[in-house]
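Chains: A, B, C and D, in written order; residue numbering restarts at 1 for each.
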Amino acid sequence: MDTSVNLLGYRLDNPVIPASGTFGFGYEFAEFYDINCLGSISLKGTTLEPRYGNPLPRIAECPAGMLNSIGLQNPGVQKVVGEELVKLAKVFKKKAIANVGGSCTEDYVQTVEYFNHADNIFAIELNISCPNVKCGGMAFGTDPTVAGGLISAVKKVCTKPLIVKLSPNVTDISVLARAAEDAGADAVSLINTLLGMRIDLRTGKPILSMKAGGYSGRGVYPVALRMVYQVRQAVNIPVIGMGGISTAYDVLEMMMAGASAVMVGTANLIHPFACRDIIAALPGAMEEYKINSLETIIGRAHHA
Amino acid sequence: MECRKLIIQSNRPLNAAVWEMKLYGENLTSAPGQFIELEVPDCCLKRPFSVADCREDVLTILYKVVGEGTKKMTALAEGNKVCALTNLGKGFDSSSSVQPLLVGGGIGAAPLYFLAKEFAKKGIQPVILLAFRCAEEIYYMDEFDEVGNVLISTDNGSLGFQGNALDALKEYSPNFDIYFACGPLPMLRALAGFSDKGQLSLEARMGCGFGACMGCSIITVSGPKRVCKEGPVFAAGEVIF
Amino acid sequence: MDTSVNLLGYRLDNPVIPASGTFGFGYEFAEFYDINCLGSISLKGTTLEPRYGNPLPRIAECPAGMLNSIGLQNPGVQKVVGEELVKLAKVFKKKAIANVGGSCTEDYVQTVEYFNHADNIFAIELNISCPNVKCGGMAFGTDPTVAGGLISAVKKVCTKPLIVKLSPNVTDISVLARAAEDAGADAVSLINTLLGMRIDLRTGKPILSMKAGGYSGRGVYPVALRMVYQVRQAVNIPVIGMGGISTAYDVLEMMMAGASAVMVGTANLIHPFACRDIIAALPGAMEEYKINSLETIIGRAHHA
Amino acid sequence: MECRKLIIQSNRPLNAAVWEMKLYGENLTSAPGQFIELEVPDCCLKRPFSVADCREDVLTILYKVVGEGTKKMTALAEGNKVCALTNLGKGFDSSSSVQPLLVGGGIGAAPLYFLAKEFAKKGIQPVILLAFRCAEEIYYMDEFDEVGNVLISTDNGSLGFQGNALDALKEYSPNFDIYFACGPLPMLRALAGFSDKGQLSLEARMGCGFGACMGCSIITVSGPKRVCKEGPVFAAGEVIF
């Protein structure tokens, strides 16, 4: 049973990668289990300057998932490279993916430059789709021209493979995926969170201080799967699929839709051992569906 | 943090809104001020509850029925198994206190019972000030009486001093070296304004409860801190309200 | 306890209306319960000519909802007016909403004209957002200019209040809502289904014959709520909210977000008595949150 | 249609893939060919199953474990309560048949047991042709033997005639006035091609199971019809394959 996949020239033991923002900088999960079982890790979204993010409440529950409006809280790229990555290297022998956020091109570019020299980072994931960042954050994710400009600028300085993370809050995500590919992205990852809201019946007010927030978890899975399928058809670069994945079966289905690897987000929050358990269940699920090598099922739904 | 299956040993109402649930698990441990995240059937996120007591493999929580999850919890019967994350957060630091004052507002009294018992074990009788809206909302009176000197205040004066916790504190003016408080945010804010010689147990809506999501981060004088990991207990002077 | 609401000049005993496509033409549910308890009924999407719709399979399950790709199966407007409405009138003493689908302006216009004379119809709901109809179906729902043109044309002939049903599969639904308002819509209803997909692990193929389909049910609720909130801010005409509603609490929350009435879809399929049960639970839920009159909470989240 | 809470009386495997579940409910009734929609814990949609028997308040279904829902069903224990919609669809019309032939493929044999018993009650011994892939897949042999003359075919010849149902039918060539068939679509298509003097029980992925969603509509010679409402049983000549 071969669970390994090749992602951007880097071989992952398995396609399961904790999604950015749901696994911190990784090392804290090492207290719970040996995180070297993971394919890789997408680290918490990092910006040039430290950010506290949005006021509380930042979390609301949904029938099949959750809303968040964290707003990219992180200690800033200098501290991430100088401290967080060092702590991670002590407990994680593989390479991770740095996730970069920002609100203007210059910030993105400078942040990416910091990561160029980080040895335990094998790719950069450019988050152009965070629904929780004001000023420009949304335009990067929804306007193909703006997105293309940003990606070209980053690509010029980035010495590692560049993954562009796409927003699902658009009329046609394949337009954005093509814009990313044209601008030089080496891969795309999707989906980021869907915009959602919950209201507190007691107060009559939106629960989140920001009113709306990013919806993630099982409830977004069918949307994510459709978009991965659609984007797989639109571009020739690898697609990393995510959105509501919580079982090994979900991984298989997402790969059949076209994902070369998958990210698992909210499931980690609901169950701290989610990624470990999904990875452990993969061989059994593969056997059940007579799959010998995971790489062979990537995009199967397009030609089956 | 531990992720465990626990067995419900009992689950009973203490008054119209507050319930007590006892959970059994081998070698269960906890420290006063720590909390658990309890999985509730058909709820996506776990629910955080302070540990109100923990000894001999049995952990007690006291919960107020306020919404969907706590409503469903009242239906959980003895013998049912529930998943929970235990040993979450950093509890009260009671090591240096010899004349403690415990201040609980409403359901916030829950973790103070565990703390009071720890003091009693060390031979220290804490002063316990419990503030409620009215006498009907009081719970665990006898339990608290056994482990400390209980002072009561109610908003409507139906029992004890009439007024809020801070007014009662000024009125009774007990001596203390450190106060330990848990309750609604306005109460904690008022206490922190009154004295910084205290520790406050805070609440926040949580995504994970174990430090992964940044959902519960507050700003403190020493930067952002997670209620679920660096907290829920913070020094009174640390919190920026 | 006053559960009644005014919708487009028609007073509904309560705001609960079965959503189009999940309640047939209503009369068949009269076998299960007295459907006169309903606020109104939005009837199965009707087109000018009879339609069989898409090939089977047309249904797939999701973790918190379902996909459908019915494709507007209906007997055509003549039979709907001549037979279905007659059967409905025998068991339903209130007025219903006719839901009109189509793939070109002329079809829409002619279909609406048939309903002008139907006495037991108090409003027309124009479905410009069906994800399951090829040729033009999508452009009506995603392009504000195309949508505006269609709505103006329909408005010219339509003698009843016109509700325009919006698609959630757009970057900014408030643009479409404003286009509808500007073109003369008397109300908007939202959301129609989100585009989603499921793949059969056994065959490796999408489950639906059409590959993608419309996702509905509890999993779409946070997205629907956010869009209703957003549209309520964007327009001055009434908003009818739907998407994943399955309890009386969901109704209250949707109304606080800005809905003047709500529609309940997938819940009817999962539980045939859903609407009846939600209506029965409304007074209790109102009491719990000290609400005397439902009309007073419409849009509360915008000023609370 | 009725919407009911039923109690699981038994739930046991018959072979490696097929299980039998008996459900109790007062005044439960059904007709052969009708189906129920069973609510499965944590599954959004109910699952449709033919009624394999129904008498004295007990309804039997035979189910093959194929996916998430049927996997979860095997975990339901005696005494558990389950919700179900019962009396769904239009069953077989057996009133005019005096020399019936029943043809079941794989799990499709399930509804035929109920039908065979109805014939037996009227004193009619139906011929029952059961087609399986191999001998290991056979279930309810003794039960069928009691109510009719059973003929067997297996794809691999491990029991009975080697070949598919239609080949077996041609080989055994039993006399019949009407055949009643349930099984995989290719088998039903082949049978319909062979003779239109039959009734076919069809399957479709269902949204509701009671006629509301049009999810299960097939095209017939007389227009679109719902498998869940006008079906699941259709005249062989009616279905357009």
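One rule holds for everything that comes next: a residue touches a chain if its C-beta (ideal position, glycine included) is under 8 Å from a C-beta of that chain, and two chains touch if they have at least 3 such contacts.
The structure presented is a predicted model; accordingly, all values stated were derived computationally and were not measured.
Asker: How many steps does it take, at the fewest, to get from subunit A to subunit C if each step moves to a chain that touches the one before?
Answerer: 1
Asker: What's the farthest chain from subunit D if centres are computed as the mean of the Cα atoms?
Answerer: Greatest centre separation from subunit D goes to chain B.
Asker: Whole-Å distance, subunit B centre to subunit D centre, using C-alpha means?
Answerer: 57
Asker: Return the distance between the CA-based centres of subunit A and subunit B, expressed in whole Å.
Answerer: Going by mean C-alpha positions, subunit A sits 36 Å from subunit B.
Asker: In whole angstrom, how far does the Cα centroid of subunit A sit from the Cα centroid of subunit D?
Answerer: 46
Asker: What residues in subunit A touch two or more of the other chains?
Answerer: In subunit A, 62-65, 218 touch at least two other chains.
Asker: Answer with line, ring, star, complete or other to describe the graph linking chains that touch.
Answerer: line
Asker: Going by the touch definition at the top, which pairs of chains touch each other?
Answerer: Every touching chain pair, ordered by label, is A-B, A-C, C-D.
Asker: How about subunit C: which of its residues touch subunit D in the complex?
Answerer: Per the stated touch rule, the residues are 21-24, 28-29, 31-32, 44, 52-53, 56-66, 68, 70, 73, 207, 217-218, 268-273.
Asker: For subunit C, which residues are in contact with subunit A within the complex?
Answerer: That would be residues 62-65, 67, 142, 169-171, 194-199, 201-206, 211-212, 215, 218-223, 225-226, 229-230, 244, 249, 252-253, 256-257, 289, 297, 300-301, 304 of subunit C.
Asker: Can you tell me which positions in subunit D touch subunit C when the two form their complex?
Answerer: Of all residues in subunit D, those touching subunit C are 1, 3, 43-46, 85, 204-208, 210-219, 224.
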